[in-house]
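What follows is chain A paired twice: with chain B in the first complex and chain C in the second.
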Partner chain A sequence: MSRPIPFCDFCTPSEQLAHVDPKDLPPLPPPYDKWEEKPWTPLSQTARTEREATLDDTLAVGVPKPKNKQEEDELVAAFLRGLDKLFTSENNWTFLHPLMLSMEHCARCQTCSEACHTFVESGRNEVYRPAFRSEILRRLYHQRRSGGGLLSRWQRGGIELNWTTVSRLLELSYRCNLCRRCAQTCPIGVDNGLISREIRKLFSQELGIAAKEIHEKGSMLQLRVGSSTGMNSLVVKDNLEFIDEDMTTKTGLPVKTPWDVQGADILLMHNAGEILAWPENPGAFGIILDAAGVKWTLSSEAVAYDAINYGLWYDDVQYARVLIKHVQAAAKLGVKKVIMGECGHAHKAMMVIGNRVVPADMAVPVESTLPYIESLVDGGKLKLDPKRNDFAVTLHDPCNVVRLMGIVEPQRRILRKLAPKFREMEPHGVDNYCCGGGSGFAIMSGNNFGEWRTRIASRRKFRQILEAFQDDLDPKHPKYVCAPCSNCKGAIRDVLKYYEAEERVGIHYGGLVELIVNAMTDAKPGFLEFSAA
Partner chain B sequence: MPTFTHGSVSIAVDEDGFMETPEVWNQDVAAALATTEGVTDLGDEHWKLVNYLRNYYLQYGVAPMIRKLCKETGFDLKKVYELFPSGPAKGACKVAGLPKPTGCV
Partner chain C sequence: MVLYLVPFAAAVIFIIAVVVRALKIRSLPIHLRWELYPVAHEKNARYGGSFFEHVDWWKKPRESSMAGELGVMIPEILLLKGVHEHNRSLWWRSFPFHFGLYVLAGFVALLLVGALAMAADVEVGPRAHGLGLVLHWLTLIAGVGGCALLALGSLALLVRRLSDPVLREYSAVADFLNLVLFLAAAGVTLAAWATADRDFFWLRGFFYGVVTFHFESGVPFPPLVVAEIVLGSVLLAYIPLTHMSHFFTKYFMWHDIRWDDKVNEKGGKMDARIKELLGQKVSWSAPHIQGEGKKSWLDVATEEVTKK
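Now for the complex of A and B:
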């Protein structure tokens, strides 16, 4: 365990506040028990000299260094303005209440620490302790409220507001996956995940500073072009046509994706990343829906053919802009309901928050793919043979769908039925661990951030995956991590690749619908292709 | 913003070496970027791949699906990795002057 970091150190300029020596990362299960972790790829000289890179070994936002003291002071003043807004109902009506509860009531018992995969798997580095980050904001907030009187300094002092504090807090808000396992563990429900998210929001909404992958190349691109992937409506249709042909050849079943069908039973919303990176996923959805006789459709409306809503992770305004497009597209088609595809944060954006914040007349019926697909599996129209899934399968629980929404059993009932060698990870269900890709990390890989994410944030998930497959590590025997969420798949892909887990252990990964199609006897066998290791 | 310089070529790149302004791409830039991928000599097969990516990008503003790339060029994924060891996105797309892929991909 690293030494405690006094708050005064956090506020004092230094070359680098915290460091994790990769050699000290907790060892992984076999066959990685002898694996030697390489040193971090160092940040480039440009990053070190031009960016604020003094928190730890990596850089997620990399805000440019202010040119002079005046610029620094302006940024600190803007931070204070943002802080004030965070705690006024007219500026933060969405999250003020839970934020206040989390600000006022932490007992500093540190129960949350051991619940945090990033803290524990970093070798318990103090800077990643969930309450460490929260306590910095909490002290800044109380200092601001009380004016820094003697009593308040005694109770919650030790913090100095300056650019070092502010810029490090910004980076630190991007070391949390927002998985909210800490909030679940907290005896009084303090939500450190929400605090991280609100810090990000303060910076984005008041200072215009956010990680570029989720803002400039994410939600801004989605609003401008139609999708965060850069696909416009023409390209997305063209790609689906290609997927249809590919799937038809592969399964022998005719697949044709319907677009903009008025009054369809369901509007299916995919994370558009699936279309480019995991085409079998939208392909498998089409095969299942057709086989079950569902009248379904996709929308070609800009923004709405991409279910992502990255604002969820950092900015209420960006979130609302995208949400409105999503609900409007559903209303325009007059569909009976929207089904969210295999994307966790899109579930939260549309279902948990979306229909609570839009005016009542704009709300649309939305359902998760997991119970919906289970109803099709049980509906009797799909002919399924579990023997086709004759390989070891484990299940990853996407935090936003499982811990947050409590959708625990549908996906398991499907796997118990269709995957004879299904085994759970430990812990699982609502006690799951994040994949390490949550809150945008899966798509953030600038500088060496991808390496930090893979080796620290995703380490617990990789550990759980390895533990689930300890009975047979032979790489010639394929194993499948079922991860019904795009972000999770991205993070799991990267950690499997980093540790060469396909070659060394035979571990593959993919979604849930792919496993279902793999078991469909009307389709040619071998929908899932495991290349020989 | 980092600058990548090789011979007479000098271009702005992001922290992963992708071009910041894909419009200024030309064959010299491609050859220069290829050296960062350990490819010192761009042969006909490299150019076939690079030109396909470039043309697709100019037409659609985004990189093609990998499977489409394989189908249209006739190269399987293994071959793509032989040509550009970092693979289609981090290798071939970078050399073809495409920006870094965005979104959940």
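Now for the complex of A and C:
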């Protein structure tokens, strides 16, 4: 039986509150059943001395240590101001309703715990229990609301408020992927994922504190330069031109990315990270759309050539700023509809959340790539031969697209048609597990956070992938993890690399459109290259 | 006479607390969409599919199934299906507790019906015939069965909360006392039945006074019957004042959040409301916002981030 972390310990200064012993990590399936887990790469001495690094073995935000007690008190006071604002309609109309209900009605039954991949795969380390951070915020909220009286402590439980509590709560909000699998299991409807997000939001919108990869180098860079990759419009166009040439050579099919076509049938929006990290993905889109005779375009408008919207994970204002730029770019081109490329959070940002941010007269119809590409696969213009995909394929369900949007079957129908050795992960669909990269983790790797993400947050996904391929572990036989989401691919890439899964088991990964191009008979064979095979 | 005031006061508190809480929830501003699939009213809810699975989804008629929602909510409420699936060891404790409460709600309803029947000169009791006999047995089964289930469930939950170190750490004093209160109410009712009121004659007599506004029984109620009436009333008033109000707020959490996939459409009420909300002043203080109560949501969302 787990021993809980007493809430009073959370508030008491100590060198490190929680530690995951690598020996406690649950064993993986073959051929990793004898895998020796290495000790953690320790945080640097600088990180330990200059940053608030007392939660666990890693650091996601790494807020600088206050210089003195007065500075600590000022930060705590700012936190309290943020807490007050979080529960007002004018400052948080966006999520006040679900947040209030989640604050008021948790029975603390812990039914959610076993649904959380991070909690379970950490060896059930108590600090990652999904209700832990929620309970801390809940106690702080009720104490604040009641003036910290005895009645509140009697009814809701107490907690001491000090800088240790506040700084640890900040770090702890970045140990949750916001995948909301826990919320799915709550019999009452409490949403720990939402609470994590709202904690992040409080810190970002009131104190200006957030993980630098998603704020400073993420949404701020996107709004200043045009993309979180740092690419401006000219560089993006230049890179796409290079990708077009490369794809034309590789497939023998002429590809030319169209830019800023007025009145196009579709405006395609990519996560710009694809252009740099997985150029074959935007390349494959171009090949398919051209072969299907679609009148399509990309936008060279700043911000709009990058579909990402990191505000979704931590800040409503940043989220709205990026969303409006995306919508304005689509309206300016007068396209019939926007198609979101293979990026899960961009799907949700533009299609679900955005629906109630932008007044309806400004909105442009937005559709997921998955049903749209299925319509092209079924449309008859693409000549496809499934035998070209004669290798084992499994499908990762990006949380944002599947559990949070209900797009479940189109991608499966494509795979059933084009991948004869397709098999599901278990569980899958809306019950899937996060890749471990959700909520920004895929792009966060400062200090040793990348290692924490790979070894704990992505561990369940790696387990699922291995289980899906247990029938043939021979590295000479290629296997493909189809992950139609950019951040998911990033997390899966890192976990496969960490465990040398390509060399040891022959596991590769990529998107959905790459598999489709690989099956196109008009293209030269071997679009997908499996080096270890 | 005073005894009759207790359940009346409790019922008034119960109704006011439920109405106030429901109105408070209803008055919260519309929130951004935050649905979680499967959404029960969707046509393809069996696998969690949504209208987003269709090309040009905005041109298609939206199909929404009330039967789909009921098909999820009924087993969820009656049988605690979610707990059964995701936390089986708790379900064995939680199910009798909750189901016992439902049965006891039926017990109170049967006592009221019995009292009304008595007011209509229908004899209710073990020696009665027809309706009176049926009411007697149903009341007996619901009362004893409901109390037994509630006592068993609350005791099992209390033991679990005390013995499981995780649950113990997460529980406030009130969580333990709530269970003690349920256990006491069920225990006292069982004791009253076993020792003084085997046919619920006294209790039905009390309800007879309630429905006929005849508040003087002439003969004093046995102490255990008085205790069960007071404890039951306290519970009735207390539940909606606590997090246990989830018995009705669950509707809002599932129907208005988890399954709320309503699309904001041009010219609709929702659109007008969103425009109003965008005009509200923001006071977030972070350097990239600096709302300070002067800028609206629209201002902060559309202002340019300076190029540095």
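We adopt the following convention: the second predicted complex is superposed on the first by the 530 of 533 C-alpha atoms of A that agree within 3 Å, B and C clash if a C-alpha of one lies under 4 Å from a C-alpha of the other, contacts with A are read in each partner's own complex, and residues count from 1 in each chain.
Definition applied: a contact is a pair of C-beta atoms (placed from the backbone, for glycine too) under 8 Å apart; a residue touches a chain by one contact, two chains touch by 3 or more.
Note that the coordinates shown come from a computational prediction; the quantities given were computed from them, not determined experimentally.
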Quick check on the superposed pair: does A:Thr248 touch chain B, chain C, both, or neither? Answer first, second, both or neither. neither
So, does A:Glu409 touch the first partner chain B, the second partner chain C, both, or neither? second
Tell me which touches more residues of chain A here: chain C or chain B. C
Given the touch rule stated above, what does A:Ala47 touch, chain B (first), chain C (second), both, or neither? first
Between chain B (first) and chain C (second), which does A:Arg81 come into contact with in this model arrangement: first, second, both, or neither? second
Could you tell me if A:Leu194 is touching chain B, chain C, both of them or neither one (first, second, both, neither)? second
Tell me which partner A:Pro279 touches in the superposition: chain B (first), chain C (second), both or neither. first
Touching chain B in one complex and chain C in the other: list those residues of chain A. 225
What part of chain A is in contact with chain B in the complex they form? 44, 46-47, 62, 213, 217-218, 221-222, 225, 227-232, 234-235, 238-239, 242-243, 246, 271-277, 279, 306, 308, 343, 442-443, 445-447, 486-487, 490
What residues on chain C touch chain A, complex-wise? 25, 28-39, 42, 44, 47-58, 76, 80, 82-83, 85-87, 90, 94, 164-175, 242-243, 245-246, 249-250, 252-254, 256-258, 263-268, 270-271, 274-275, 277-278, 280-289, 297, 300-308
Under the stated contact criterion, what part of chain B meets chain A in this complex? 1-2, 14-16, 60-63, 65, 67-68, 100-105
Contacting residues of chain A [partner chain C, same complex]: 1-7, 78, 81-82, 85, 89-91, 93-98, 100-102, 104-112, 114-115, 126, 129, 131, 135, 153-157, 180, 183-191, 194, 204-208, 220, 223-225, 317-318, 320-321, 324, 337, 351-353, 355-357, 359-361, 363, 365, 367-368, 370-372, 375, 402-410, 429-430
